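Chain naming follows the written order as A, B, C and D, and within any one chain the residues start at number 1.
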Amino acid sequence: MNSTLIIQSLMAGLTNSFVYALIGIGIAVIYRGTRIINAMQGDFAVIGGMLTVFGLVSAGLPYVWACALGIAAGAASGLLIDVVCVRPMIRRQADDEAFLLLTIGLAFTISAAVLYIGGREAHLLPGIGGNGTVEIAGAFMSVHAIFLIAISLLVVCGLWLFYRKTIAGLSMIAASVDPDGATSIGINVARMRGYTFVLGGAIGALAGILVTPLISVSYQMGLGLTLKGFAAAILGGLTNPLGAVLGGLVIGLSESLAVVGLSSGYKDVVALTIMLLMMVLMPNGLLGKAGRRGG
Amino acid sequence: MSLGKRIFFGAPALAMALIGASAAAEPVRIGALLSTTGGLAGLGIPQRDGVLLAQKLINANGGVGGEPLEILMEDDGSNPDAAMTKVNTLVHSQGVKAIVGPTGIAQTVAIGSVTQPLNIPVLAFTGIGPAVENARNCVFHMTPAQGLNARALLSYAKEIGAKRVGVLHDSGYGQVIWGVMSKLGDEFGVEFVQVEKFELSASDATAQAAKVKASEPDAVIVLSSLATPFRNLRQVGLTAPIISVHGTATYEIVKAMGDAADNIVHAEFLIAEDPLPYQVEFVAEFQKEYGRLPKHFEAAGYDAVMATVAALKRASSNAAPDALCQEVRTPYQGAFAQYDFTAKDLGGLTLSSFSYSLLTKGKFSRLPFKASQ
Amino acid sequence: MTKTVLNGRLAFAAVMLVGLILPAVFERHMVDLLVYAGLYTIAGLGVGLLLGQCGIVNLAQALFYGIGAYASAYSTVTLGWSPWSGILLGIAISVAVALVIGFPLLRLHGFFLALATLAAGTIGTIFFFEWDWLTGGTLGIGGLPPLSVLGFEFNSPARFYYLVWAVVIILLVLSSNLVSGRPGLAMRALRDSAPAAEVMAVNIHAIRTKIFALSAGLGALAGSLFAHYSTYVSVESFTVQRSIVFLLIPVIAGARSIWGTVAGALFVTFVPELLSGFGDAHQMLFGIMLVLVVTLMPDGLAGIPARVARRFAR
Amino acid sequence: MNTVMTHAPVKSQPLMALRGVAHQFGGLVVLRDVSFTVSRGRIAGLIGPNGSGKTTLFNIASGFLRPANGQIFIDGRDITAASVQERSRQGLIRTFQTPKVFQHMSVRENIEMGLYATTGAGFLASMLATPGARGERARIRRDAQEVGERFGLGSHLNTRAGDLPAGQQRIVELARAYMTKPRVLLLDEPSSGLSSDEVELLRNWVRTLSNEGITVLLVSHDMGLMSVCDTVHALYFGKIIASGSMAAIQADPMVREAYLGG
């Protein structure tokens, strides 16, 4: 074991951290806006990645437009799910469990639909800034990974501003924290929930587009992404996008150190055990914010 | 009522027309149990293509002694439980004479407990596995045993003078091969300087790849059926040669490797760009039927049906299963390689069965090297 | 009142009679599927007790199913014990594991508990994979002996059918007793209102932990029976996907219904088989059916009679 | 064990006592040094404007909240650290502001739950339906039937409790609490959402229960209902500012000030 190896592992871990964080951010956004845990957030990523591949390769669109198509597809799926499934269930006041079962069922369905329509192959996208790598202290990091980290941070900043400074952002929070109160001051709660799903879907799709050049996109990768993203979000206190980044870093870095120090087969055991310990011992997340138990 | 999925090409009518049969010919039934969905579908689907091609050609040329060949196609979803259920259906309800498949090792081990007591021949797309299989003399193996795969890879490492070798393997297929390879280092003068495993479901193995790279190996052997490790090895800047087992020598996986695919060496069997004389006919027929080049999994599927039919033709049409099993047990020249089903490993492949290919821009080209015992 | 009771008994007797003759009239493949439906009823019953009576979503049942199967496989094939002791060992280990992980995790609720069980199940699958000295890893363990009672071997689907469904009926009766008895009352009470149940002196954490252990024991029993039926076990059978299938059984059936579990188990074994005729589309169709059930039928299949009755009453 | 009460003559010994109870949320002090006692079989009331600390005090008394300071006694025993279930076994039972009936259970089953603490059939006995478990269950059903009929729920015993109107749900909750044979009954805003007829019925029930020897602590805004109390304590900003009969309290200038000013 040498220092180059540790640096290399940390950089691999750093990249993974932001992948988990991006999924976690989407989960946090949807939980914050609807009090629903979305077990198909990883499948928004699959939709976004697949549609971008379709736009770029099959439809021959320029890269930017293909990405726009992917993000639009994620947003549209979010809206569709809200209108078709969530709305009727809210109307009959379904339990927490029912929403979880719904999103698990949707994850299963979307994965199967992508398999049916798009096939079982894994697809790659060219990286942003090309497929090159940069060398840092003898270790390598792809240029795209640096873009991924930068864009993730931009998303977090954007969300921070959105939720604090814009009417829409504030209304979306109000609608979930106190639906009756929000209604009484003229906020359309159902519409805000729709916006939340659109936002969550778009962030999920963006995550998918950003990870595809690194790990490729295929129909069955959704659930795995969701679980790691959820771990990141939980560590961050579940409603806080910045917290999800912090959570992602803890999960991603401890995983990569587990590979160096332990057998790599137990990588996920380490990540998930951290998540379980956090849930039991620090139920409000690393940042200690409230609003963890709600539902 | 059978709920199973049946694929039955409209060939019997054609076959009857060709041979001018007067009596309604009772089809000869064999089962094909493949993993066409689930984790092994990347292997099962090409095997199915080969199986269907063989069936079509056989029925176009008079079937099995005048009777059409019917293949009952079942998918085990890459799941050994499902394989057990399906094999029971094929054997007990459908009365198939032989089984082509399964795709996976676990499935092969599982169904052997059903077919062996009945002496029903099974032509599996796996190498001989755990000890229990040694006694199963009607389960034949269309692909090399793990020890042979390991030797083929190490032969090439030795050839290029690699002394320090890194290994990156997945937790499924790769782990099984590594189990055998780990004991062969001394025999080939190779030291395994770093061995790393990643989960079958992993979408990223960069950390493991980094660990392998950090050991500064002369060459890296990859044991996997996934594209992920190749991409990751290149991402961490590995420049040493990569030697890979035949599982990743398919156009589909190579495509998923992206830029990383260049300069990977595979120890494999069918280089369709430059086929060996005994492979030319199969490659031509396949290309005519499907409009693309086959790899060895398609060839194995084709060979399994052809070898079964050859045995059926030698046995009488109502031969008992053990007689048919006896007829399969013979040397057979396939498109995959020269088989010898009388061999102790029930497949008879040897180091000289292997060809070595180099990948350049998604195309395989033949390397001059040939391994010998 | 008495007439409906009589009708109910007659219907029950008729179903039993049909059940008795099924293996004689069905082909082997169907009997095989019915055996799996029986095994899934047992495992799904555990998940259903948690979901329907306590409101707990358990996504770790495949872990316990696996513990049962591997305990049976290892103790009979490697250690040479009798199959029945393997089954007991599997149940004992499962219950112990359930108590150890359930004690801390069952303080969580709702989504969080569900995802915690998902994580626990995923960790379990990794251990099944990594501990290949015990589980045989990818290759699995083969050659399990069939179960036998007084020299009578349950070595064909038809024979095993009677065994597994006898076990199912016993377990369903026991579970119905439990649910209509004092503990069942407490479970349903805490599901409806935990604070009010606490006021009635219900120890919420203790009762949730007990039912989790019971569910794990049922999972292990199903796993052991599966191992002896299939005579072969490998890690593929104990993945998170299998846990999701187990969870779907009570969801489809209507989680509160004990006897409905049978309908749920028949659904998850037969419907994919029927849909498999659609080729690659079948998984998608199955998924859409699930989403429709969750979205439109909160009480699952068990809710259909009530719905029909309501429609006619109008 | 506790010697604080021993000086009091047995006959008028308070069944429930709060001593110096104080609480704060973060920096916000919601209760300061609240003490009062309730004698056996008596009805005590708590009134106060919103934010006066009634609900906090009620939650502390019923065990849903631990006080920062002070102690709570039942029959001379310190129960400050006891959990809700332990308090329940001690005979301290509460109801909720929005009635918490077990919605998916029948009215009869709701009432049956009242005997949970004093019955014993466990998992195994219930699964096997042992004679003991069955006998116990039959007794529970009989008792529940009796209590249900007594509370006028006889025709609703097989109805799902969640399907009843709010007023009836209150009665179910009360019947369930009565079934436990409580020593102290804590009623949280029991009249909210009730019609005036129903409030009158409730008032009679509270009186009847008290006559049977049950000690009652009542929190309500409803002055009509509060007139049933033997003693009323007025809370204002976390302090008791007056105690006495309802009439006396209503005449108290400080209370009038608090209500009009608050």
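Definition applied: a contact is a pair of C-beta atoms (placed from the backbone, for glycine too) under 8 Å apart; a residue touches a chain by one contact, two chains touch by 3 or more.
These numbers were taken from a predicted model, which means no experiment stands behind them.
When the partners of chain A are compared with those of chain C, the chains appearing in both lists are B. Greatest Cα centroid separation from chain C: this falls to D. As a whole-number value, the distance joining the C-alpha centres of chain B and chain C reads 36 Å.
Chain geometry summary: the mean Cα position of chain A and that of chain D are 47 Å apart. Centroids built from CA atoms put chain D at 74 Å from chain B. Residues of chain C in contact with two or more other chains: 126, 129-130, 280, 283. Listed for chain A are residues 263, 265, 268, each touching two or more other chains. Touching chain pairs in this entry, ordered by label, are A-B, A-C, B-C, C-D. The part of chain C that touches chain A in the complex is made up of residues 51, 55, 57, 104-105, 107-112, 114-116, 118-120, 122-123, 126-127, 129-130, 240, 244, 247, 251, 280-281, 283-284, 286-288, 290-291, 294-296, 298.
Contact residues on chain D toward chain C in their complex (touch as defined above): 62, 64, 83-85, 88-89, 93-94, 96, 100-105, 109, 112-114, 116-117, 119-123, 125-129, 133, 136-137, 140, 162, 173, 176-177, 180. Residues 1-5, 37, 75, 78-81, 84-85, 88-89, 92-93, 105-106, 109-110, 112-113, 129-130, 132, 171-173, 175-176, 199 of chain B are the ones touching chain C in the complex. Of all the residues in chain A, the ones that touch chain B in their complex are 1-2, 4-5, 8-9, 12-13, 15-16, 120-124, 131, 133, 135, 139-140, 142, 211, 214-216, 220-221, 224-225, 255-256, 259-260, 263-265, 267-268. Those residues of chain A that touch chain C in the complex are listed here as 37, 39, 84-85, 88-89, 92, 94-98, 100-102, 104-106, 108-113, 115-116, 223, 227, 230-231, 234, 263, 265-266, 268-269, 272-273, 275-276, 279-280, 283, 292-293, 295.
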